[in-house]
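A quick write-up on the structure given underneath.
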Amino acid sequence: MKRRLNAVLSDIEAELRESTERGEVAGYIPPLAGIDPAKFGIAVVLPDDTTLLAGDADEKFSVQSISKVFALTLALGNRGDSIWQRVGREPSGDPFNSSVLLELEKGIPRNPFINAGAIVVADILLGAYQPRETIGEFLRFMRFVTADDDIYIDHHVAQAENDSGFNNAALANLLKANGNLDGAPAHVLGVYHHYCALAMSCRQLARAGLFLTSSGRNPITDTRIVAAQRVRRINALMMTCGHYDGSGDFAFRVGIPAKSGVGGGILAIVPGIASIAVWSPGLNRHGNSLLGTQALEMLCQQMNWSVF
Amino acid sequence: MKRRLNAVLSDIEAELRESTERGEVAGYIPPLAGIDPAKFGIAVVLPDDTTLLAGDADEKFSVQSISKVFALTLALGNRGDSIWQRVGREPSGDPFNSSVLLELEKGIPRNPFINAGAIVVADILLGAYQPRETIGEFLRFMRFVTADDDIYIDHHVAQAENDSGFNNAALANLLKANGNLDGAPAHVLGVYHHYCALAMSCRQLARAGLFLTSSGRNPITDTRIVAAQRVRRINALMMTCGHYDGSGDFAFRVGIPAKSGVGGGILAIVPGIASIAVWSPGLNRHGNSLLGTQALEMLCQQMNWSVF
Amino acid sequence: MKRRLNAVLSDIEAELRESTERGEVAGYIPPLAGIDPAKFGIAVVLPDDTTLLAGDADEKFSVQSISKVFALTLALGNRGDSIWQRVGREPSGDPFNSSVLLELEKGIPRNPFINAGAIVVADILLGAYQPRETIGEFLRFMRFVTADDDIYIDHHVAQAENDSGFNNAALANLLKANGNLDGAPAHVLGVYHHYCALAMSCRQLARAGLFLTSSGRNPITDTRIVAAQRVRRINALMMTCGHYDGSGDFAFRVGIPAKSGVGGGILAIVPGIASIAVWSPGLNRHGNSLLGTQALEMLCQQMNWSVF
Amino acid sequence: MKRRLNAVLSDIEAELRESTERGEVAGYIPPLAGIDPAKFGIAVVLPDDTTLLAGDADEKFSVQSISKVFALTLALGNRGDSIWQRVGREPSGDPFNSSVLLELEKGIPRNPFINAGAIVVADILLGAYQPRETIGEFLRFMRFVTADDDIYIDHHVAQAENDSGFNNAALANLLKANGNLDGAPAHVLGVYHHYCALAMSCRQLARAGLFLTSSGRNPITDTRIVAAQRVRRINALMMTCGHYDGSGDFAFRVGIPAKSGVGGGILAIVPGIASIAVWSPGLNRHGNSLLGTQALEMLCQQMNWSVF
């Protein structure tokens, strides 16, 4: 399989390199707006520690919303299923930044992968701690998950998101007004924006997703990250809610659980088989990487990977 | 008329004093939560400077959203009809604090009397000034309108609203995210919350409304506040949008333009005839004074006052 | 006043005749789609029976939603205030044909002038009668109100609306599903579409509105149509809800209660002074007559007519 | 596996038989309202034709919305991917019968498994045929898929749904008004309600789902029903949209693609492994079988079946 997989990755990278339809780089976070749209990287890590790369797979990018998967994992570990009293598990049918349902449903976000839900998860992790401590804990968790200390938070990006993240500020204040935020909005937003500003390469991100492929264990370090049952549920959430109001289409076209970020990255899981990270900065109209989605569709089709 | 009016006011005050169904005092602004729900005052001022009072008509209360009428008047004077590019003139059919339509309609609030619209008006008045200057200008305008210097802003209330006004903060940030706020959300909210924290008695408020009864002139001081055409339009807005999603019901039952505030006050205008202010802190489910509405309904029925 | 009014009407008619921006004729009701957009008529009737006309004021047109005013008047007469248990009195902030709020609010339409609310009124009038009887009763009422037997229902238009009125059918079925329709949807729609297919001239329509100007009496025939209190409330509803999601703008610009129809007619009331009917088939984006609204704005400005 | 599976099914059936919390039987379709809530059946069919049963697995019930899976399969076979121009592939986040998004999104239903979407699929299948022919074609398809001629449509149920299905009539008319229905609403509803009135037992339904387990072939009859790629996509749609606004929760708790019906049935697919049908008439608040969902959760947990 590895030889074939390597050939497939090379083919995909070669084909997409030439693509002239690359989507739009997210413009609303200034430090991300300048990213070269020609970038493209992909990494596949197998449970036996095989790592296959193509393109800019070792270049770090801002993982943005992909970090919601890890924040949720950490929150489930720290607080258990009580978190589901504060955030739902349903696709919202709305864009990532919508506050419409939030108002109609009295402050309980539909799921932890839309911004409102991820802000609640950040608040849960913040608890009685200081933002700095919580951010530090999250970074340590990411380094533990990947067994790689060369992961950092880009404070420049975090600051820019704090400065221009008016929509997130609206969501945090709406949550607070509805009694579903313990911390001060500014503190919670600080935590949230730092999570999102995590800088990782495709290689690192694919390694980070390995526990989702392997029933909750990192098979390389042989450490348990989370219970097997929880992994299945996190994967289920990625399947139904991982691409905002493009989740159904992604499930339909690609057929595996995945989570996108506006930095252009996507983490995708083939349960039992592979953890995949892909990066191309241009986004489609739902805010998901245009070429990243195409790459995953091609890869899964050619490798016959699907959960269905 | 004056004798009869005096008798009617006394009757209304006597009857409502006894009312046991007084609604709920707004609990979400701490300094207002402690107001005695038994308070009741009413003042009617006629264009010839006759002033008729009943109950606690000389006790100051927080005018809250009634100040939106005066902020709009000031903004129309300063900026003219260009303000209608940033705020609409339609009833919203939604509660005063809703952000649903704001999102669907890309940041243009439906009218200047819902919170989102009033925040835009505050931003227009702020312009390139400092919040402190803008607040000062507004206070001077209120003193000019009433020809009374004993009007002040309760900074304690303003501070409390700044501290707990998460819903307003959500609206301001949503406006900013949609490009309909020039100032920083915190600055605009500071201005807005200070406007709302204006402390006035029924007597003062009824005098302040006199120019809306008299084609834009204060007949007592014989000064022009605003053009006659604008007065009609402000009255029209009060009629269609003055009571949030209870505006239609108020027009149906009472039949004159009016604007309510969560402090329990209502300013009502009988064009050409009278300016009325009423205050009772308990609110109905739309956030409008329960007994204040009843008092106006009784008064207008007995005096045969209606624009229709 | 009459001489001046006559001159104003002539001026308005002359000016608007030349207008090249006339809006779009409603295309979805086939027999209306072919109406000549150059048509323009206006009629003003005063309580002393003076009638002033300009343009095509004696040509019959389809009154469409203007009939909702008379259906409501009849329903209030027949059933009294109990009808308010089945329909609200608030502007909806939505287009005339929306079903969104209807679903969210469990089948209680916001007001009797949006289609859903008018369908409920038709159902109330239908009661246990046959559609044919109810339609007959309505026609008799219109002839009584105007003291004119030359008013008829255009069955060709009614049939066309029945055949193509899928949106109204959706509303009727949604009302039925929510338990707010007693009759069969097809029966109620038959009644409703016949009401709307009423054919009247501006002259007739202005006469029909006279009781709304004169506290519920037809001053010409000296017959009471409805109680004075009810007239005020009907006028209030026209003011807040008479132009769908353009009601606030109409109140702002024109300043008197009025009700429009997609046939291009508008009935407008200057309480105590005049009943006005105007007709120009082209509509603005809210579905209200474009030139008709302009004509009323010019007329009221020049005659200094406003309730505010 | 078969022995263990048999034991698990017996245990589940025994445990759920005793359950006192059984949900509410759907009351709005009269012939279904009288179904005994104590009924419970489950059937598992494996690709090698092994069939394991427990409880009332041979009793026929109304499959209702489960038929949407087969209607979609047939439509994809007949018309191919062009159907996606008329219906989306996204979870809606709304109840099964909502018309809210339909209006906001101009008549394109979010997915083929909400009622509005399934009505569009019925319209696609109807095409230029007569309702009777289309219903006949669907029944033949169901008999072909199961290789069982003992499947019928309960015309009594279909008629009852036609008579009382006001919400579906609202949706069909709204689709027609928005230009996304070719047939007459009454015809399309006739087809749709007959599909839903399909009567099948758990045993039959599980057999019918076998092609979804086996890459589009019925392994027993060795006939191809649909291309392998399409099966994956149908399974993906069941995963993201199969339980209306309870889809995310079902994916989270059970972890396999499934489609429910208000008759209390659920068809669930373990790709490559098993086709499962379960039936218990009581529904949870999302309109999905309460005990059916529990049974699938228990079964999947004990058999370690999950796509994730």
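A, B, C and D label the chains in the order they appear, each numbered from 1.
The criterion applied here is as follows: a residue touches a chain if its C-beta (ideal position, glycine included) is under 8 Å from a C-beta of that chain, and two chains touch if they have at least 3 such contacts.
Fair warning: this is a prediction, and the values are worked out from it, not measured in the lab.
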item	value
Lowest number of touching-chain links that must be crossed from subunit A to subunit C	2
Same-site or different-site touching of subunit A by its copy subunit B, using the half cut	same
Maximum centroid distance from subunit C, chain identifier (CA atoms)	A
Between subunit C and subunit B, distance of the C-alpha-averaged centres to the nearest whole Å	32
Whole-Å gap between the CA centroids of subunit B and subunit D	55
Between subunit D and subunit C, distance of the C-alpha-averaged centres to the nearest whole Å	47
Overall pattern in which the protein chains touch one another (line/ring/star/complete/other)	ring
Chains grouped in pairs wherever the two touch, ordered by label	A-B, A-D, B-C, C-D
Subunit C-touching residues of subunit B, taken from the complex the two chains share	88-94, 101, 110-111, 231-233, 235-237, 239-241, 245-249, 251-253, 255, 257, 271, 306-308
Contact set on subunit A toward subunit B in their complex	98-100, 103-104, 166-167, 169-171, 173-174, 176-177, 185
